[in-house]
Structures are given as structure tokens and as C-alpha cells.
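Naming follows writing order (A, B and C), and every chain is counted from residue 1.
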Amino acid sequence: MTLELAANQGAVPTMPNMEESPLAIRGMTVSYGQKPVVFSVDMTIKDGSMTAIIGPNGAGKSTLLKAALGIVKPLAGHATVYGKPMAAQRARIAYVPQRASVDWDFPTRVIDVVLMGLYRELGLLRRVLQSHRDTAMACLERVGMADFADRQIGQLSGGQQQRVFLARALAQGADLYLLDEPFSGVDAATEKAIIAVLKGLREEGKTVVAVHHDLATVTEYFDRVFMINTRKIAEGSVGEAFTPENLDIAYGGRLATGQIDQLALAAR
Amino acid sequence: MLWDALTLQLGYNATLVTIGACFLGVAAGVTGTFLYLRKRALVSDAISHATLPGVGLAFILMVMLGGDGRNLPILLLGSAVSAGLGLLCVNWLTRNTRLAEDAAIGAVLSVFFGFGIVLLTVIQTMSAGRAAGLEGFLLGSTAGMLWNDAVVIAVGGAATLALVLMLRRPMGLVAFDPEFAASSGVNVARIDLSIMGLAMAVTVVGLKIVGLILIVAMLIIPPVTARFWTDRTDRVALISGLCGGAAAWIGAALSATAPALPTGPIIVLVSFAMFAISMFLAPNRGVLAAVLRHGRFQRRVHMRQGLLALAQGQPIYENYTLRLLRKAGLAHPDGVATEAGKARAAKALRDEKRWELVRADQAFESAAALYDGLREIETVLTADQIAEIDTRIGGPRGMTA
Amino acid sequence: MSGAEFVPLSLTPMLIGIFAAVACALPGNFLVLRKQALIGDAISHVVLPGIVVAFLVTGAVSAWPMMIGAALASVVAVVLIEAVRRLGRIEPGAAMGLTFTAMFAAGVLLLEQSDTSAVHLDVEHALYGNLESLIWLDAVGWESLLDPIALAGLPVELIRIAVTLMAVCAFTWLFWRPLKLSTFDEGFAQTLGMRTGWIGLALVIVAAIAAVAAFDAVGSIIVIAMFICPPAAARLMTNQLEVQIVWSVVFAFLSAVLGYVLAGYGPLWLGHDNAVSAAGMIATVSGMILALAALFAPCRKRAGAPAH
């Protein structure tokens, strides 16, 4: 990391890559109380890529995502989706929140949760037709949860809950998929199922951005990384950005030197 | 007149009630602190509403046994029993069903209160006229109170206060850090129970003065008020007790000066006034202080972001940022840095570079943890350390690519 | 009992009780699921200052100004609770308790200070209403239901609560999906472009309107009980929101009917000749239904995810 590199961080709003970028964030600062958790961050997601947002705990990964989506209000900065403000592009975005952010004791069934993904189509009063149900079932099928369609959501395991959330996002039929910690607290089978679905999306030309915390799987799962610790540390292809130097800056003393070298070696 | 009341010169009854209310206010303030810190403030609402059927049943029982039904200690005993029952119901519902605590509280308070109302209508018909006093438990009534009742309140208030003071240490421990308390051998469940028990005692003693609908205010408002002034548990309890006591004293005295000034509402409103003043004016957590601080903070963020953008030759795309820079004489209206702006921007960028090295170096781990984009590097490192880092950068505007 | 007795004396109070119970139970379902059950408690307390201020402003006890006053007071209370919670960073329970007790205290004080001796306005009435007095004097039997002259003499409270119930039903039906979605997953709802803050406020305002209309007839106790008990009992019966709503309506209906009958005739069966408070009895019955549900209902326990 040098001053030159730093100078590239802040892009101009009119730069061409911003107009095409599925998600471009400029000068984003978010604070809880008096401490910024995200400070002056720029991000430009590449179309058709699979990007991992990584960084230590409390580094502002989820906050950055939520600020981009307008769920938390930033102190400064803004985000565009395919070159237009977020509000005009909602139909092109699918969002998978953290599993723990909802009350799983809510009285509803798996299929109803997936149907929520069709809200933009159904609106306030349009009836749920067989075709809608078929779409929802197909999405459940994709994540391997079709057999659970009529289950109450509280009866699912953590991994199953996560897959239902992913099915809901699939039902949204979006171009850009934003996932907040999709692999946290799930079983190995779920992790495999989810990554298979995400890679499938990329093959269809969709763009995937996921907050991720397991450094060991970054190279295997993703093609790009965005490294953050309050400030942006690095952004680029896994080979370029997932380097020992950058990990050092992002994680400081929190990763053992040997571990960093190993991870970075895997990235070569 | 008011002065006479405040200095306890309006007759024995008024004096006893004022003193009793004050004791009760202190006890409620301290007990309420623990309820508040345990995030169970509104459980007291269930407790207080659940007293009503107990009062009614105690009255009916006394009449059936040939008494006149107006014996205050027995009525209070009845209220305590049914309040305890209500509390058990809340706990049972939250523990054994999927209902959340707020639903359990609401269910218990409305059902117990509804049943209490049924009993009151029974009493009105079964011995007409004699029940007149019971409505006083809804809103409290100290006017025309008997000497005996005043004594009960004064003694009850003093006893509750004594209990609270005795138990304040273990309760503080549990409220502040239940896990630590448990690990150091405190029986958390039992202390929680005694917090609830004390809340019940406050409620029961306060029934006659402020009534069951408003007694919760004495448990809730003082701790919230106190919380604005300090972050330390023991001080919250102390300030809360003082606020509660003062509100009760002033309220009881005020209401003794005129017939149309009911004690309970006056105490609550005095307490609320203290809260409102604290909320706006408290030095640290107060709204005014917070608004000013947030404005300052936002200016700092925009200023810093603006300087970094200037240093890197990027345009400034937030109007607010540009306005701030212009006002400080750091940028021209077209977003180009002035001479002063260039110097400040270079310094900001150099600091950012210094931070980057600090954060990458394990030797500075504790300093790096303080990074938030705004903190001046001079506040965490010594001049020597900064000089050492600068040698690594190789000059203030060096390029090491 | 003959229609000649039932229709004029019991039909209208019973209908008013049922409509009030259902109108409160419907929004209550969402309040309970959002862990805002005690908003109902807060609203029902601040109705008193609302009607007192309306009385002081207009100088008369008339229904519309008082309902408007009460509705405004509920909105003020909700805004105040939010403000205290956000500005003071105080936990919601305490913010609520603090706000509604202060407003209630102000209401009582205003009432004591103003001359209301000539009018029927007192705290007890506000708390437990007067359902029994809402009789239909023009009715002579079932046939009066078809008699336009008799119908014109229906208690105005019945008309008001019926209109309110229809409005509440319309709101629930129209905004069913946003209500359900934003209650379940607020963050996701926001990414769909829903104004979740406004939805929450609308829900509370509808609850307040239901509370005020019901309060006018049955007092505030019933209002809290109906906001919470039928929905809570219904939640224990099923794991599906649509079914829960139906159960809550059934329970509200049962509470109103059984409560009214028990209050009116229960004492007679026990050999007393005076009825007891119908509002109190309706609340009591709803509590018994909840107790039965808590002991025996099929979905009373948390499901709990199986270990993975």
C-alpha cells in the first residue's frame, strides 16, 4: 500500500466504472455514537464478480453493506446501483440479512418466507397464484429445501434458516445479490449448498457480494476481495488484494504471521 | 402555605404523610434503579395493577368475618398477596410459554385489574357506602386520612427504605454484572426475587398515597433521571434515591396546600419535571450536549474527508464538505485547495500514511486499535515514535511504490 | 329470555363489546409479535388526558371532540415515547412507563382542577366504562332490527365502534403484506423500499383509534386486555399468522360474549341480584382463555431449532 494506491481509492462520480458498476460506494462514513465504524470508504464492485468483504470483527463489514442499502443512515457518502441511486434500482437488488437479525419464532411457514421475495411483484393485494408458488418452490429446490416448504420456520436448524433466506433472495430475481455473513454458524453441507448456488448465479452473469469472515475459504469461494478495517485496506482480485501486507494492515496483530503467509500463498 | 407544607407545619397527618412519602420516594428510587438496570422497569406495572383484586378480596373477607373492612394493614397485606401472584404469573408465562415478557406483563396487568374492578362492583353492591374508600387505591387519596393510616405509611416507608439500604450491595452487583455476581457466589435468582419483592413493598406502601396506576412512575422516572448524570451504578442509585425522595417530599407538601391537588399526580409530575430538565440539560448524556457533540463530530468527519480528497486531487462531491472547507479558508468555491488548504491536506494525508504503518505493525497494536479515521496520531504516539515512522515513509510526501 | 327483553337491553351492549374486542385484538396481533404489547397499555392510559383537554377546550362533553382529543393524545404519547427513547437513549419499557404515567398524572390533575361536577367525566368511568348503560330504548324485540324508526335510535356508540371496526379490518386487509413483512424482517422490508417507520407508526395510530372508540364505550381496561390477551392466546394455538388472526378474533368474540353474560347473569345464578362490571368481567374471561391456552394449547412452547 502506497500513497499512489491510496490516491486511486477515491473515484470520481463520473468515472465510467461507476456507471456500470452494480454497486459503487463513494466517501461512505458511518458512525455509532462518536466512533466511526466505517470511514470515508469507496468501493466499486465489478459486474459479474463474486466479492468477499473481509476484515476483523467490528471492522464495519456489515455496516458498510447496510449503509449502502439505506438500512443505516450514513454520516457522509452515497451509493449507486448500476449507476443510479439505490431507491430507483430496488428491483435489481436481493438482500440476505444476517440470520440472527430476525425473530425465528415468528408464526409463518418456509414457503411464506420465500414468497416474501416476490413482494415487488405481488404488491399489496394481488393474489398469490400457482405460478408464484411454483417460483417459490423452484427457489427452495435450488437450495435443497423443497421438502421443508410447509414447516414452521422456528423448527429449522441454523443452516436451514440460512438456506431459506437465500431462497427468498433467489425469488427476488435480482441482478445483484448482497449477503451478510451467509456462512456464519451453518453446517458444512449448507455451506457447500450455498456456495454452489452463488457460483451458479455468477455463471448466469449475476453479481454477488458477501460479508465473509472465514479467511481460509476466501480463495476457494470468491474471485475478488474487498478488505476493510474502518478504512478501505484493499480492493481487487484475490491474487492482487489478498496479500500478506494487506492482511497485516487489516488484522494487525490479530493474525499470526505464519497464518497470513499460508493464506496468501493459497491466493497465488 | 407552601413553605409551611415543605417545612412540615400543616398538622400531624400531613407531616406523617410527607415524611412517609419521602421515605417511600427514596426507597422507590433506589429499588427502581435495580429494576431499570435489569431492564425490567415495566414489570412494576404488572405488580401494581395486580394489587387491586387483593385489596378487594381482603375487604370482602373482612366484611364476611364481621369487620368493617377498612383495616389498612390487612388491605395492604391482601394487595401484597395478589401482587405476588401476578408476579408469579408473569414469570411463569415468560418461562413456560413462547410469549415474550411484554405480552405477559400486559396480560397480567389487564386481567388482574379487570378482575379487581369486578370485585369493586361486587363490594359496591354488597355493603353500599362502606366501600367508598377502596376507589382511593386507584389514584391514592391522602385527604381525610386517619392518623392510624398515616402511621402505617410512615412506618411502611421507613421499613422499605431500611430493607433497600440493607440489600443495596448485592443488588448493585447483580444489576451491574450478573455473570460476575454469579461467579463470585451471589445467588442471582434470589437477588432478582428480592428486587421484585422490594418493588412490591414500594407498591403496596405507596397504594394509599399515589395509587396503583401511578406508583410505577416512582419506580421508573427517578432512575432514568439519574442515569443522565452518571455512568456508575452506585451513583445512579444514590441520585435516583435523592430524586425520588425530593419529588415525593415536594409533591406531598404541594398537595397538602390545596384540596384540588391530588398527591399522586403531583409527585409524578414533579418527578417528570426533574426528568425533563435532566434529559435536556445533563452535561454528558443530555440531549443538548449530544446534539452539539454530534454537530461537531459531523463537521470533523466532513472536514477530514474533504482534506483527504484535496490531498489526492479528487473533487469534493458533498456540498456540506465543500462549504466547511470554504468557511475555514481551505478551499475555493470551485473545490480547489487554497495554500492553507494544501498544507493541511498534505498533513492529513501524511497522518493517514503514518496510521497505515502503525496499523500494519504489531508493535503498535494497542495504538492501532484506537484508529477510527479521525483521531490525531499525535494523541496516541510520542514524537519519537512518529519520527521513527516518518523515517520509514521516507519524507512527508515520499513515494515508495 | 325473550327478544322483547334481550334486544333492547342486551343486544347493543353485547355487540358493542364484541366490536370493541375485535377492533382491539386485530392490531394487537402485530403489537404482540413486535414486542410492543405495552403500547396498548400506554395508549389506554393517555386517553384520559386527551379527553380532559378536549373537554377543557370545547367546554362540553361531546363525543367527537373527545375522540379526537384522545386520538391526538395517543399520537403525542407515541411520539414522546420515541423521542425519549432515541434522544435520551433509554430502553423502550422505561420510556413508555415514564411517558404514560406522566401524561396520566397530568390528566388526573387537570380533571381535579377543572369544574367537572356538572358533567359525567371521572376517572373511574374512564377506567371501566359503562357498557351496561348502552341500551337500545327504541327496540321492542327482534323485529326492531328491520324498523327504520327504531334503528335510528341505536346508541351512537354502536355506530362509532362498528365504523371503527370496519376501518381496522380494512387497514389490516390492505396492508397485510407490509405489516407481516416488516414485522418479521425489518431490514429486508427496507431494501424492498418499504417505509418501515411509517408502517409502524400507522399500526400504532390504528391501534389508538381502535382504543379510543372502544374506550368511549367500554373503558380502558378492556382495551388493554383485548390488545394483548386474545392475540397472545391465539399465538399459542398456531404457528401461522393467518390462522392466529382468526383465533384472536374468535377469542375476542368469546371474551366479549361470555364476559357480558357472566357479568349480567352470573351474580343472579349465585343468588345476588346486582350485576358486576361487564368490562372487568370481559377482561377476566380473556385472561382465563389465555390461561387455558398457556396450559393446553398445541403451540404454547417455543419450537427451538434442533441442534445442528
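In this text, a contact is a pair of C-beta atoms (placed from the backbone, for glycine too) under 8 Å apart; a residue touches a chain by one contact, two chains touch by 3 or more.
Because the structure is a prediction, the values reported are computed rather than measured.
Among the inter-chain contacts, the highest number of C-beta pairs connects B-C.
Chain B has the Cα centre that lies closest to the mean of all protein Cα atoms in view.
Per-chain Cα centroids separate subunit A from subunit B by 38 Å. Centroids built from CA atoms put subunit C at 43 Å from subunit A. Separating the CA-averaged centres of subunit B and subunit C is a span of 29 Å.
Residue positions of subunit C touching 2 or more other chains: 235, 302-303. Multi-chain contact residues of subunit A, defined as those touching 2 or more other chains: 105.
Of all residues in subunit B, those touching 2 or more other chains are 98, listed in ascending order.
The touching residues of subunit A, counted against subunit B in their complex, run 1-7, 9-13, 26-27, 29, 31, 34-37, 39-40, 75-77, 105, 229-231, 245, 248-249, 252-253.
Those residues of subunit C that touch subunit A in the complex are listed here as 33, 174-178, 180-181, 183-185, 187-188, 190-193, 235, 238-241, 243-244, 302-308.
Of all residues in subunit B, those touching subunit C in their complex are 36, 39-42, 44-45, 92-93, 96-100, 102-103, 105-107, 109-118, 120-122, 125-126, 135, 138-139, 213-214, 216-217, 220-221, 223-224, 227-228, 260-262, 264-266, 268-269, 272, 275, 279, 285, 287, 290. Those residues of subunit C that touch subunit B in the shared complex are 32, 35-38, 40-41, 45, 84, 87-91, 93-98, 101-102, 104-106, 108-109, 112-113, 123-124, 127-128, 221-222, 224-225, 227-229, 231-232, 235-236, 263, 267, 272, 274-277, 279-284, 286-287, 290, 294, 299-303. If you check the complex, the residues on subunit A that touch subunit C are 66, 69-71, 87, 90, 93, 95, 97, 101-109, 112-113, 116, 119-120, 122-125, 152, 154-159, 161, 168, 186-187.
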